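What follows is a set of structures to go through.
Okay, so chain A shows up in both of these, paired with chain B first and chain C after.
Entry: the complex of A and B
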């Protein structure tokens, strides 16, 4: 195997190099200048993201264990951007004295998890897929309990690792049933026989992935873990973890399980309705904004299911396009939560009363993010949602469409509650006016630019569509 | 190009307003921007009439197409027919006067004017778009600033009203998503689906498809047109909104409903419209009567006008459902006439309230003696509302009822007579309000020293009154322009 061939794995190799570089920098850096590592991490993340976009060869490696193509590269790039934004948002938080000695751990674990994500997306074999999935999850469970002095954070870590282990076990069980029935684990040559036991295998497999996407009824861990984890880890969970699992679910359903499409359509139909409705209804009652965004992200997962149901390249396009927009919108919202929480320690909806008077820019960013999540034009979320609905309508599922649009109205209600708190409600002692740090600002500017431009700039959609059609 | 300018100018104005230094500059920028917009609308009217006079009978003029999402066949399609030109004129007059009516907004003035103008952008975009997707985009863009406008600058139970209004209108637009996508996927233009209204007009959709999607689309637009029983956002919303927002909302935004019903629901799915019109005729005549009777029970000036708007907008939908050209012509005339006079009403109510600090009718009295200018304007608005010949209301209502009576069958006759009886009720409440508000003795001592109308208030009211009178005296050019475009929709 030549070096050139190995370069097909460029995304992963660069990440491994990044991890090693961080380790060496961490060891070599004198104690009093430890805080510089945050800057290095941000630069490394930016480099990784940029390298991802450079043109590269595609193909298979290791006899089909690893495969990549332009679409998978795009997925990795989307998630790289997300991680870059999250790291920008973390810099100021990790700079405080409390985490001075440990900040490199955060970046190491994040990058390790990202390596897992990339391998998972590129997997050409169930074993590879499973390894990637585990590598994605375990570092994040460690990160969830990063705030060692908070019991909630430890609780989040335990909950995440237990439920992940549980879901992995279910997923593995599904895989072993599939292996028993079909005698093959390579995606390339995998042929689903018409044995009924495949249904069982598929259900277990789907349940395992549904945990990661937090699809109802596998969503119960979400709110607790989101609430307890540090905000940046929460955004990683809700954007990168979820996004990557959606990608892999789409790929797997569209290729390996194509034969049993009627079955998985039914499964998705039911779970989509449940996920949207329950996510929305629970979100209405939340006071803690992290829990609020947790349920909102559950509801968004339900909307994503709508695109997958379509089952054609249009459905795949709308799903990926929606995830792009979701990355920007959700990270903008979490960024504001993070910076406000860091500056004032306040996290509930009542604390946000009157935020516009003291911090107008942050409030505007938050409003744009929430409106984008709610699907209000001219923001990108509108386009994303409308195209998902198009995917459902193409299939002719107008009842499902009707339920979905009713759900958008419910979601608009609770997003407006936050907007109302920031812009309308009066508050005697609002969160004091403060200046957020530069890296946070850069990240929020990128998010807002994404929210404003992605919809109007149709080549993004057309490019994804082109890749999906040739997939 | 002129159509693109109609969207670009408000957007630029809103942006400029956000960077204004102080209140004075904010107001000047808004006023200049909207004056340009008004001039542009008249220029558009001139161009349109000139084209028509030179024998151009294309259904849509100044059409432009920009490819947007070729993969889904979504294009930024714009163009205008006679109805759109008339509605654009109405919008620019109302937003122009709205700026002057809110001359004295004190807190967060930049955000106020910017949101107001963004709202107007949505409306302008809606009226010029020929692509259902683009149209829907602008529709939602017009609805959402309303939440902040009412929630922040409103009065009374503003938070409740703002939420109720936004959610109900968004629920309407949610139905529209279903309707639009249904139309899209049942269409077949050269092998692809299409959002373009002109291409869709010639599609003969199956009656089964129409039976499902006509009611969905009609109700979707009907919510914002105050169709009974989905009208309940209107009284609360209008009464809590600040003056200019009420003007714009009752004056223009409610007309999006009628316009959409006519140009989308009925134009694209005529068979189902004929089949199902009786249901909606009953609902709209309930709107007409219920709105008019509702007014009598109210004593708050804004509620009075809000309920009378429900009644008048009900009449618009009622006329559209008659499905003939005369009545539909009347419907468009009524949209314009009601837009102008309700804007005048809400503007005047705001001006009175800023002086007397009450909107309850029986707490005021004898205002004619202290505020002669505003009071006379109020009387004119009232007379237009009850349909006095020579003012716009008469022209519109006459045309509607003449058109409605062209149906020879019993059902249409009866329902028309029911709707006509609302005119009597209208006369009752208008005269009652005018009597106790403006005539009689002055109720309170401090009312002796009320400030007379200022220049910007005079400008706003006089502009609206001139428009009302012109349509009342010389309606023919307008109704001809509308009639020509109706041919393409209803034949």
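Entry: the complex of A and C
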């Protein structure tokens, strides 16, 4: 295997190199200059993101265990951008005395998890896929309890690791049934026989993956873990973890399980309705904004599934396009949450009353993010949802479309609650005005630009469409 | 000729800079920046006109720039571009020149106002929108800029937003023109539904096959095409303040006076005329009834506004009614015009639009100069101003002579062509037009004598002549008003882009001079010195005078219809239905959603074993259902 061939695995290799570099810096750097590691991490994340965009060969490696193509590259690039933004948002938080001795831990674990994400997306074999999945989750479970001195954080870590172990078991069970029925685990040559046992295998496999996307009824861990984890870890879980699982789910449904499309359409149809509705109904009642965003992200997952149901390249395009917008919108919202929480320690909706008076810019960013999540034109979120609905309508599932539209209205209500709190509600002692740090501001500016540009600049959609059609 | 884009881009850039850096820019810089931008645009516009009219012999439609903006389907796409033809090039010159004058003038007039930068931002936005409107390559682009023009007009009328009258006037103007634009939009949709395009190249081609279908099918006894054009004309009538959609224009005078000069005299209000001219081939070939309507409404507004103007006492309102009346002339000329060789009316209308822009802008600038000096709009508080403002006096006199139609000033030539064109069509229209010419001369000179002659008035502060920066644009406009009439307009602008030879009709010319001179003489007799004569006549014709002074109670009629009839008979029942039925249903769903949300919160117990239990039950349930389904 020549070096050139190995470079097909560029995304993962760069990430491994990044992890090694961070380790060496961590060990080699004198104690008093440890602060610098934050800057290094941000630079490394930027470099990784940029390298990801350089043109490269695609193809298969290791006899089909690993495979990549332009569409998978794009998926990894999207997630790389997400991680870069999260790291920008973490810098200031990790500079506190509490964490400064072990801030490198945060970056190491984040990058490790990202390696898992990349391998999962590029998997060409069920085992490879499973390894990637585990590598994605375990570092994040460690990160969830990063603030060990808080019992909520410890609880989040335990809950995440236990429930993901549970879901992994079910997923592995599904894979073994599929192996038993078909005698093959390579994606390339995998052929579904028309045995009924495949239904069983598929549903177990699907449940394991749906757990990561927090599809109802596999979502119950979400709210507790999102609430307990540090905000940056929550954004990682809700954006990177979820986004990557959506990507791989789309890929396997469209390739391996193409023959049983009527079956998975039915499964998705039912779970999508449940996910949108339950997510929304719970979101209405939340006071804690992290919990609020947790349920909102469950509801968003339900919307994403609408695109998958379409089953054609158009459906795939809408899903990926929606995830891109979701990354920017959600990270903007979490960014504001993070910086406000860091400056004032406040997290509930009532605390946000009158935020516009004291921190107008942050309130505007938050408003744009929430409007985009709610799908209000002319923000990108509107176009994302619009295309998803088009995909459903094209399929002729008008009942599903109606339910989705009703759910959009419900979601509009609770997103507006937050906006109302910030802009209209009076507050005698609002959160004092403060200046957020530069890296946070850069990340918020990128997010807002993403929210505005992705919708208006049609080549984004056209490019994704082109890749999906040639996939 | 792609530099034409700059003509439009420069004011837009000025708008962006002034708008975004609102508080950070020093006043002087902001003002000169915007003025410089429009100045360069003006030079470019003149250069464009020069190359267009003198470097080529035939006046083809040129599209130097076009991009596809929105592409919905293969057939439905919306472009943004620049279309150059005689009327759009002429409009470019008019708009940039008048804008430049007004921008320059405002540097003096608005000096020291607290919203100075905002003022220039809005003014630049207006120029940008108006320029984009006239060069539109398709109806949709025209419509977009049309609305932008409406918005910037709204913003500028309400410039003194702490003054309740200004706010009310801004709202009134916006609502009335929006109401008219609704008709416009329906007309556009109707037209493009049949023709499958927004493009002027196709829509204004009288041989387009869709027009036969549209004239063939009828609705309420009128052909669909006529409907479409009438609706489009409704939009034009709204912007051009034609009866009965005129009520916003007098109130719009609450805006700063230079704004009135630019928007409510020279440019925006003639957008309706431009629109009819743009669609003229279709009007002329396929919908003569719609053209008749244009002529009728034009003639009616012409006389109607002139009568009101004779009784008003607010200097700007007199000018506003005179604007309406003059636009009535333009509409009337278009309405009676034929096509090609019989297109005298078309050329006359465009010519009058051109000359009117100069002398009406000048009148407003002069009025601004007066108001600036004595801080009042009321002509009863003025008098003998010629002693205090000699320059203003002279330029104002030139403008009055021009609008009254005294040779050799510009208005004489264009008005004369209009009179000749109406004579070819109908004696009634000719009589109205000729009579109003006399009326125009009368009310303009009533204004002139009352302000500059008459009695010596005691002023609180001694009035002073305006500053140099305000006088320059006035003098330039005065030169324009004096000489613009000598342009052989028919050579350049005609309905079919072929040079039109126009001979002066001697009888008509003589008649119009006599009529105008009579008007001036009566005004001289009444108002040159203080005299009891006007009072006496007003009290003899008490009833009539009152009605005219109250603007024929049209505003009151509007209020009666909206407040008494629409609010009570239509809005109230709808409001009841909305509150009792629709809202109640919505409230019910909201309450129900909340209830369900409260009921199911137990699902989220926080117990991990409980979560696993639900997880597994979910899996098993799905498996059972699916196996049952597919077995």
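Note that in this section the second predicted complex is superposed on the first by the 471 of 471 C-alpha atoms of A that agree within 3 Å, B and C clash if a C-alpha of one lies under 4 Å from a C-alpha of the other, contacts with A are read in each partner's own complex, and residues count from 1 in each chain.
Operating definition for what follows: contacts are C-beta pairs under 8 Å (C-beta built on N, C-alpha and C of every residue); 3 or more make two chains touch, one makes a residue touch a chain.
As the structure is a prediction and not an experimental result, all values here were calculated from the model.
Enquirer: Considering only the touch criterion stated at the top, classify A:408 as touching first (chain B), second (chain C), both, or neither.
Expert: So A:408 only meets chain B here.
Enquirer: Tell me which partner A:419 touches in the superposition: chain B (first), chain C (second), both or neither.
Expert: In the superposition, A:419 touches chain B alone.
Enquirer: Please indicate which partner A:226 is in contact with in the superposed arrangement: first for chain B, second for chain C, both, or neither.
Expert: The answer is neither, since A:226 touches no partner chain.
Enquirer: Report for A:326: first if it touches chain B alone, second if chain C alone, otherwise both or neither.
Expert: neither
Enquirer: Quick check on the superposed pair: does A:284 touch chain B, chain C, both, or neither? Answer first, second, both or neither.
Expert: In the superposition, A:284 touches chain C alone.
Enquirer: By the touch definition at the top of the document, which applies to A:130: first (chain B), second (chain C), both, or neither?
Expert: Neither partner.
Enquirer: Is A:386 touching anything from chain B or chain C once the two structures are fitted on A? First, second, both or neither.
Expert: After superposition on chain A, A:386 lies in contact with chain B alone.
Enquirer: Going by the contact definition given at the top, which residues of chain A touch chain B in one complex and chain C in the other?
Expert: In chain A, positions 413 sit in both the chain B and chain C interfaces.
Enquirer: Which part of chain B faces chain A closely enough to touch in the complex?
Expert: Residues 68-72, 133, 137-138, 140-141, 144, 147-148, 151-152, 158-159, 162-163, 166-167, 170-171, 174-175, 177-178, 181-182, 184-185, 212 of chain B touch chain A in their complex.
Enquirer: Where on chain C is chain A touching in the complex?
Expert: Residues in contact with chain A: 590, 593-594, 596-598, 600-601, 603-604, 606, 608, 610-612, 614-619, 622-623, 625-627, 629-631.
Enquirer: Given the complex with chain B, which residues does chain A contribute to the contact?
Expert: The touching residues are 317, 371, 376-378, 382, 386-387, 389-390, 393-394, 396, 398, 401-402, 405-406, 408-409, 412-413, 416, 419-420, 423-424, 458, 461-462, 465.
Enquirer: Name, in rising order, each residue of chain A that touches chain C in their complex.
Expert: Where chain A meets chain C, its residues are 158-159, 162-163, 166-167, 170, 196, 199-200, 203-204, 207, 211, 217-218, 220-221, 223-224, 263, 266-267, 270-271, 278, 281-282, 284-285, 410, 413.
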